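Below, subunit A partners subunit B and then partners subunit C, in two separate complexes.
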Partner chain A sequence: MKKERLDLDDYRKLLKQYLLTHDETALYQAEQLSKLSVQHNVSPEEIIHVHIEALKELYPELQQEVSDSLNFLLEAMISYGLALQEYQSLREKQSALESEISVAANMQKTLLQTKKPTISGLDIGAISVPANQMNGDYYHFIEGSDGTLGIALADVIGKGVPAALAMSMIKYSMDSFPEQLRQPAQILESLNRVVERNVDTSMFITMFYGLYNTNNHTFSFSSAGHEPGFFYFNKTESFSEIKARGLVLGATSDARYNEEAVTIHDGDAIILLTDGVTECHLGDRFIERDEVLEVIEHYLHLPAQEAVEKVYKHFERLQDFHLRDDFTLIILKKET
Partner chain B sequence: MELKPCVNIRQEWDIVGARQLGREKAKELGFGTVDQARIATAISELARNIYLYAGTGKVYFETIDHLDKKGLKIVAVDEGPGIRDLSQVMQDGYSTSGGLGAGLPGVKRLMDTFEINSEWGEGTEITAVKWVR
Partner chain C sequence: MNINLSIDVVETDNQTVLTVKGEIDAYTAPLLKEKLLPATAKETEKIIVDLNDVTYMDSTGLGVFISALKSAKEHGSTLTLVNLQERVHRLFKITSLDSIIEIDTTIRGGE
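Take a look at the complex of A and B:
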């Protein structure tokens, strides 16, 4: 860091001007000088030193006690000068760290990207927004050659970099599974073993896996402790919670998962989400699941992608544009 | 070998003695008031580390008087427990004494050169030089 020396002549002139006129202009210039000094890493003790020198030039008869006391002040300022330097070096470190994280976040985006499939008769919308730079939520679509669509949705408890690292592991494991492995319960059981072997026990991952069969429009699903989603039934115009029970991934090595199935009719919808949606905060209170449902219901008539974006925008605004947790919402509608 | 001026550090009071001797040497060499204050602070920090973590040790002073440049060398030596992780103590924001004081990074900033050698279980030797500008 280059140190710019404080110009004694300028300082003396300024000081003299002030002492003669008590002019606000001189004080304003002193403020500018103060800012510049911080920018150029000039420490407070150097300013005091210049002050003493200027004072001595202006008042050659300066009382010894005054000059001594200013030297005393100079000693007392040394630690502030050090703190300033430390602050500047920490700031540089922080910005280096931030740019590193943003590179990692971009990498994660590329790694975890999934193509939203286009399937005739189905309208799919998906949105996933991280609270910080890196996302601890993850969703993935897997189109099978036999007319099935796999939908994976996972949430690492916690957020930030550790959560994001764990997510990359889930994604790679799923990529390595053979194509025949597509039943929700089997997939969760396999992932559970991977997580149990590779992730610290203090980290929990919840996951929902659903398999939509476009041949007979059945939706089978399993859950590993994941936030329950909702079905919307067009016939009764009602919502019902997607009930599935199962342990979070990685809790035990031999977890078993139940698999349920429902038939999806025209106009029905499947709504999957993470707790970043249901645990939106309003001031210091959580939003009730019913309120979340009201918002979703309000936008459900829209095309699915527009609906998830509108719901996200609603909660983003509600929380003053400051997400507390990663937010992921998927809506799948069977067209009429 | 020429006997170097040295202050034994056994109690907190000795820190003041080390500062004083260092400041006298600095004055003799022609350091300005700001640099005198910085040198004294660096000495304080080194002597206090000896007092706090090693119990006892020594601070030596050596005036360097070359044709082209003059400076003050401070050597702080102790036979205390040593420092296990040097890169950790040289990091900003790390201080076992609760964040107060400049710590070793502070000493490095106050002086022009800084060298540290420490063996776990054998002690620590820190050498720092400030040049007269």
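Take a look at the complex of A and C:
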């Protein structure tokens, strides 16, 4: 770290100006000088040293006691100088850590990348925005060779780096399952065992898993304590909550999951989300689920990708562009 | 942001009652953990957590209760939550944690 010397001439001029005129601007300039000194790693004892020198030049007859007392003050300031140095070095370390986390966040993005599938007759939109650098939400599409589409949506409780690591574990477990293992309940039961064995007791994961069969347009699903999504039924032009109950992943080793199925008709939609959507704050007020649904309904006629982006923008604006939680929304529409 | 949380702990023979007030979130959950976990580590202890004055809880709070439950089970102790406000209770219902953590809804009141 380079240390700069304080310019004795400037300091002396400033001090002289103040002592002779008591001009407030000199005081202000002294304050500016103090800011600059911190920026340039000038220690407090260095400033006192310059002060003593300047004072001696201005008043050669300076009383010995005053001069001695200033030297005494100089010694008393030494620890503050060391604290300043330490602060600077911590700042450097912090910026190094930040850049490492940003590398990790990028790696996570690459690792967890999922390709939104193009399936004729289905219109799919998906958005996931982290509140901080690392995303604790995760969605994944798995296209089967038999005309099925698996949709996984998970939220790791616990934030930041540990949550991101747990997410990677989920992703790799799912990748390693054989293709025959694709029924939602089976998948959640398998993942529950993985999470229970490998994750800290205070951490858990909520997950929704759905399997869309494009051959007969049935949608089967199970939930591990995940925030319920919605179905939109075109025929009745109404929404209904996706009712699926099941324990969060990682709470007990032997959790079992129910599986439900519905038939999806032309114009129907499946809406999946995480609690970052429904736990939005408006100042001190929470946004109710009905309000969330109203916003989704407002944009649902748009192409699915445009719709999820518009809904996100809406809530981003409402929260002054500062998300408190990761936000993930998936809309899947059966085209007419 | 309000990050206030206060926890009163009253210990009697084989019973610990924690009265929690405020918001349980990522900032305050460590305090809850610090007060709750030692109680669950006692053998055959009856632990009651009164959440009447908890106005907000997020999933970090749920994590603490899962830890507490696991620890209580290991030590043959029991954990019961009482007086949950509707918004807090909803979290336990959605996550189905109400199926493994005992929640007493009968004595809700005090308002």
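In this text, the second predicted complex is superposed on the first by the 303 of 336 C-alpha atoms of A that agree within 3 Å, B and C clash if a C-alpha of one lies under 4 Å from a C-alpha of the other, contacts with A are read in each partner's own complex, and residues count from 1 in each chain.
Going forward, a residue touches a chain if its C-beta (ideal position, glycine included) is under 8 Å from a C-beta of that chain, and two chains touch if they have at least 3 such contacts.
Remember, it's a predicted structure, so these values are computed and weren't measured experimentally.
Annotation for the three-chain superposition on subunit A: subunit B and subunit C fit side by side.
Within the superposed three-chain model, A:210 lies out of touch with both subunit B and subunit C [touch as defined at top].
By the touch criterion defined above, A:82 reaches subunit B but does not reach subunit C.
Touch counts on subunit A: comparing subunit C and subunit B, the chain ahead is C. Centred on subunit A, the angle reaching out to subunit B and subunit C in the chain A superposition, using CA centres, is 80 degrees in steps of 10. In the superposed model, A:202 lies in contact with subunit C only, and not with subunit B.
In the superposition on chain A, A:229 contacts neither subunit B nor subunit C. Shared-chain residue A:130: touches no atom of subunit B or subunit C. Touch criterion not met for A:184: it reaches neither subunit B nor subunit C.
When the shared chain is aligned, no partner comes close enough to touch A:44: not subunit B, not subunit C. By the touch criterion defined above, A:150 reaches neither subunit B nor subunit C. Here subunit B and subunit C sit at a least CA-CA distance of 19 Å once the structures share a frame through chain A.
The residues of subunit A shared by its contacts with subunit B and with subunit C come to none at all.
On the subunit A side of its complex with subunit C, the touching residues are 155, 157-159, 201-204, 206, 225-228, 245-248, 250-252, 275, 279, 286, 325. The residues of subunit C lying in touch with subunit A in their complex are 26, 33, 58-60, 62-64, 66-67, 69-71, 87, 94-97, 99-100. Only residues 45-46, 49, 52, 71, 74-75, 78-79, 82, 85-86, 89-90, 93 of subunit A touch subunit B when the two sit together in their complex.
By the touch criterion stated above, subunit B contacts subunit A in their complex at residues 32-34, 37-38, 40-41, 92-93, 101-102, 105-106, 109-110.
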